[in-house]
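Look at the two complexes coming up: chain A is in both, with chain B in one and chain C in the other.
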Partner chain A sequence: MNYLDSFRDKKLVQGLARRIAELTKGRSKPLVFMEVCGTHTMAIYQYGLRSLLPPEVRLISGPGCPVCVTPNGYLDRAIALSRLPDLIIATFGDMLRVPGSSSSLMEERAMGADVRIVYSPLDAVQIAARNPGKRVVFLGVGFETTAPTIAGSILAAKVQRLKNYFVLASHKTMPEPMAILSADPELSVDGYICPAHVSAIIGANAYRFLCEEYRVPCVVTGFEPTDVMQGVEMLVRQALEGVSQVEIQYSRVVRWEGNAKAQSVLAEVFTPYDADWRGIGILPGSGLKIAEAYRAFDAELAIPVAVEELREHQGCQCGEILKGKITPFDCPLFGTVCTPESPVGACMVSSEGTCAAAFKYGI
Partner chain B sequence: MCVGVPMQVISIEGDQAMTEVDGVKREASLMLLDQEVKLGDFVIVHAGFAISKLDEEDARETLALMREAYAPELMG
Partner chain C sequence: MNNDIIMLGHGSGGKLSHQLLDDLIIPQLSQTPVAGQNDAALFSVNGARLAFTTDSYVVDPIFFPGGNIGDLAINGTVNDLAMMGARPLYLSVGFILEEGFEKSDLCRILASMRQAADAAGVAIVTGDTKVVPRGKGDRIFINTSGIGAVEHDLRIDGAAGRVGDKVIVNGCIGDHGIAVLSAREGLEIDSGIKSDCAALNGLVAALLPLSQGLHVLRDPTRGGVATTLKEIAVQSQVTIKLQEASLPVNPGVKGVCSILGLDPLYVANEGKLLALVAPELAGEALSIMRRHPLGRDAAIIGEVTETSAGRVLMETLVGGVRGVEMLAGEQLPRIC
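Let's turn to the complex of A and B:
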């Protein structure tokens, strides 16, 4: 128990909820705020925060789950790699059950593929050091929080002169899809609950263009229940005052300029490219791939493999859910054909996917 | 996936720190940090790396302001 637990204080959460209700009372049109981070999605469900908010405030989920926005083709390549002899796939646990076009890494593992879950990409580097006769491919999925840790693992592998450590990189950067969603007339987002730890890396200044070009309020918000409620309160105030600014609620961790060291490691190892987002499509400069100087670590270049033809899952609405246009309950597959035990789409697989959270907490 | 846990630094050796919260210990690399850390500091640990320092003074101030504004009954 430490003082940080006070950020879960029930009385504070209730006090904030009362203030939000007072501020928004009698509004004819609800204020719509979007979170774009899977950990926020989870926190909002886990602490039942929607039920504490008045009907005048609506929270919707955006493309904040990195596993969920990763297109099928990436999974298919990882699956094809896992079938190669003397190759170890190392991954965060979330990727294991995500269905590709016709299989998943879990199914491949059951059939004998060497797929290992690691806590840190540095663990994967260690696996490579201990298995010199095998190639180790780490599945580099994640936003700006995770990408520097993968970059760090590549630098560590370089220092150790490992020739058998590779990364299949599909990193994505957050501000670009937020710009696309801001401009979407069907959505009319009144404000963003900006990600906590992505912002610890990129800094709150990264959202300024959204306020300036799209007039959307942005509040960088922490993950504890009082953080989320205070972030919502700050967005409500901005919306009512008719201003659009970047504010930092999570000031105990996030700085305006972000983490310069992590940014320089990212810039050293990765280079921006036009990434494909499930449900959104290809967005210019919205992804990070391995830079030329580190191409020896790029699994896509270093380990050629035939990848099966892409097949999308019939009826799966993940794309619309990731854009915040529908909720899981609007999807005909939700809870019937598509369940956490037998997921059809990525949003049901990842623990922080919108469908998985909605299924688990049922609200 | 971007979940990061605030953990307290209990020892530092070069670029590696041992961190602890509620009795759980984790090693964390300090190579991504641009801030000085010392024993007793809280850092946000994500996937084996400290990605940011937690400003304790700021945290306490935020809590105090929130209590004052939203739950004055908690003010001691």
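Let's turn to the complex of A and C:
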């Protein structure tokens, strides 16, 4: 047995499932827990965890897939940039198929745009160093887990005195949308499965205000199946006891205060702003944009380009899905008009999207 | 999506490839829809039953741990014939070379082709070489076609799966895709994983005595085990249920997959076959495989549970149940 296998132990998982069933047996109203991180969404589908939980516990997915919450306008700008001469778009692979208003980066690539998949933003810095005659734009999408590495790439480009490396930044930060969802009267969330690796950066203290202001239990939970089941069990206990506090299930990684080094890099390179979340809207202080001192690296400021007029896709229910109000199976487009090959909304594209998970693993 | 142009995903072996075949290529060139197609065509000439197949190889990088584009081009085509239960006999080879390609690299590739052909017992009997200007190709592309003799009356067909059949794989899955990926520029992971690239005709010959009990043979190349099983489920109109705990996966493959967010079920293989075998002969099939050098890690990974429109389900490691779909788009381009 290796390190990972022990967190995928069938007996442990089924034991936790039994305990959850015993605790919740006979409840008339199911307990509703939301996982706000796309990696949790994937893990829950991939291991078929819903099929192990009793009907008294419902898991719903929230706005935690960074690609999914990226608004169309951002993609339209990235697509417009990709059409400029001598410009290379560097991106994580997930962004390729996401539809903008009328195209996608994958289509642009097929028609000749220079779009390259990288596994680390530092690879994009290297591409810039090797191609001094071209501008390289990295698509900076993600939560606090990826943002420090992208901040690091800007610092590296500065040290190397590169004038041709830029970031199109659309970073989001985590606790803010959870406050909006907690205040939403249509949603009654009985507890949050809080993100694992985002919490490693921001620290579990970041969720305290949710417990205090909205009386909702929060458990910072790891991504393996035993983690998720134990996280759910901890939430069930809090809900039944009527308490709401932050607990750390993922204690092998997450600390209360988070990662100070990563936080200081973020504070150095980025500054908070009111970010636009697809399906949710503009939330105060919920994003990170490039700070004034680093504006030379900001693609939006440094490379002016005409962006096409925004067009939202008719009938797309991604917004409702991102808020956990409906499941993919409730969307009329799911699996018919909207499939992974020809996605209508971002939730179907991203490898962490709720609809992609439901399409790939649903039964 | 822009429907006017070819996208990389059309070459993935997954759903988009099927659509391209069904919508564009097959209506013009053939009468059999893709769902009725197998790895090779079968026909009779003066009473002799023959299998015929072709495949093109564009793998990037051309040299990878455990093989190169040359032995891949031989083994891939040999395997397509073997999956029909045919005895591979003769191959053709077509090269498209890019101006500037190093002769020493070509020599290495030719030597492994020679070796692979000898090992598989096939003769390369005809060929062609073209050179395109620099920048109009990518070093080397190879096409091989093959003819084999079908010397039995069995119906080994993707549509021949039946309720009760056991699903057997001859070893660890995902090695080829991960070996190629690990060797990619910019990734260069030292995973220690080697491609499983190998000719399977010897193993198939050892399985043929199972006779009527051998229902389906398929090599899960692009799209991996998941895509191939879904194809079989649809062709046979059955539900296949997998046991995740029974899937043989190398620890290195597991590791790379979890780092990169890939699923070994969708990663390509080049020396693996999936066999659907009648339940009473499954034990015998397993021991035949395990006695063969290419089947030491063979395992029963699932079974056909019922008739349906074609579904694949999997009982996960932790006892949950989930669906298994075909590869959508591209997981990793140019792995063969």
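The criterion applied here is as follows: the second predicted complex is superposed on the first by the 360 of 363 C-alpha atoms of A that agree within 3 Å, B and C clash if a C-alpha of one lies under 4 Å from a C-alpha of the other, contacts with A are read in each partner's own complex, and residues count from 1 in each chain.
Everything below uses one rule, namely that a contact is a pair of C-beta atoms (placed from the backbone, for glycine too) under 8 Å apart; a residue touches a chain by one contact, two chains touch by 3 or more.
These numbers were taken from a predicted model, which means no experiment stands behind them.
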Worksheet item: Now for A:123: first (chain B), second (chain C), both, or neither, which partner does it touch?
Response: both
Practice prompt. With the two complexes superposed on chain A, say which partner A:4 touches: chain B (first), chain C (second), both, or neither.
Written response: both
Practice prompt. State whether A:143 touches chain B only (first), chain C only (second), both chains, or neither.
Written response: first
Practice prompt. Please indicate which partner A:107 is in contact with in the superposed arrangement: first for chain B, second for chain C, both, or neither.
Written response: second
Worksheet item: Which chain, chain B or chain C, is in touch with more residues of chain A?
Response: B
Worksheet entry | Shared chain A surface residues [contacts with chain B and with chain C] | 2, 4, 9, 14, 119, 123, 226
Fill in: chain A-facing residues of chain B, complex
1-4, 6, 8, 21-22, 29, 31-34, 42, 44, 46-49, 51-56, 58-60, 62-63, 66-67, 69-71, 73-74
Worksheet item: Along chain A, where are the residues that touch chain C in the complex?
Response: 2, 4, 8-10, 13-14, 45-52, 97, 99, 103-104, 106-107, 110-111, 118-119, 123, 225-226, 339-342, 351, 359-363
Practice prompt. Would you tell me which residues of chain A are touching chain B in their complex?
Written response: 1-4, 6-7, 9, 11-12, 14-16, 18-19, 37-39, 65-67, 92, 94, 119-123, 141-143, 145-146, 148-149, 152, 155, 195-198, 200-201, 223, 226, 230, 251-254, 259-262, 265, 350, 352
Discussion item. Can you tell me which positions in chain C touch chain A when the two form their complex?
Written reply: 1-2, 5-9, 15-16, 19, 186-187, 245, 251, 254, 258, 260-261, 263, 313-325, 328-329
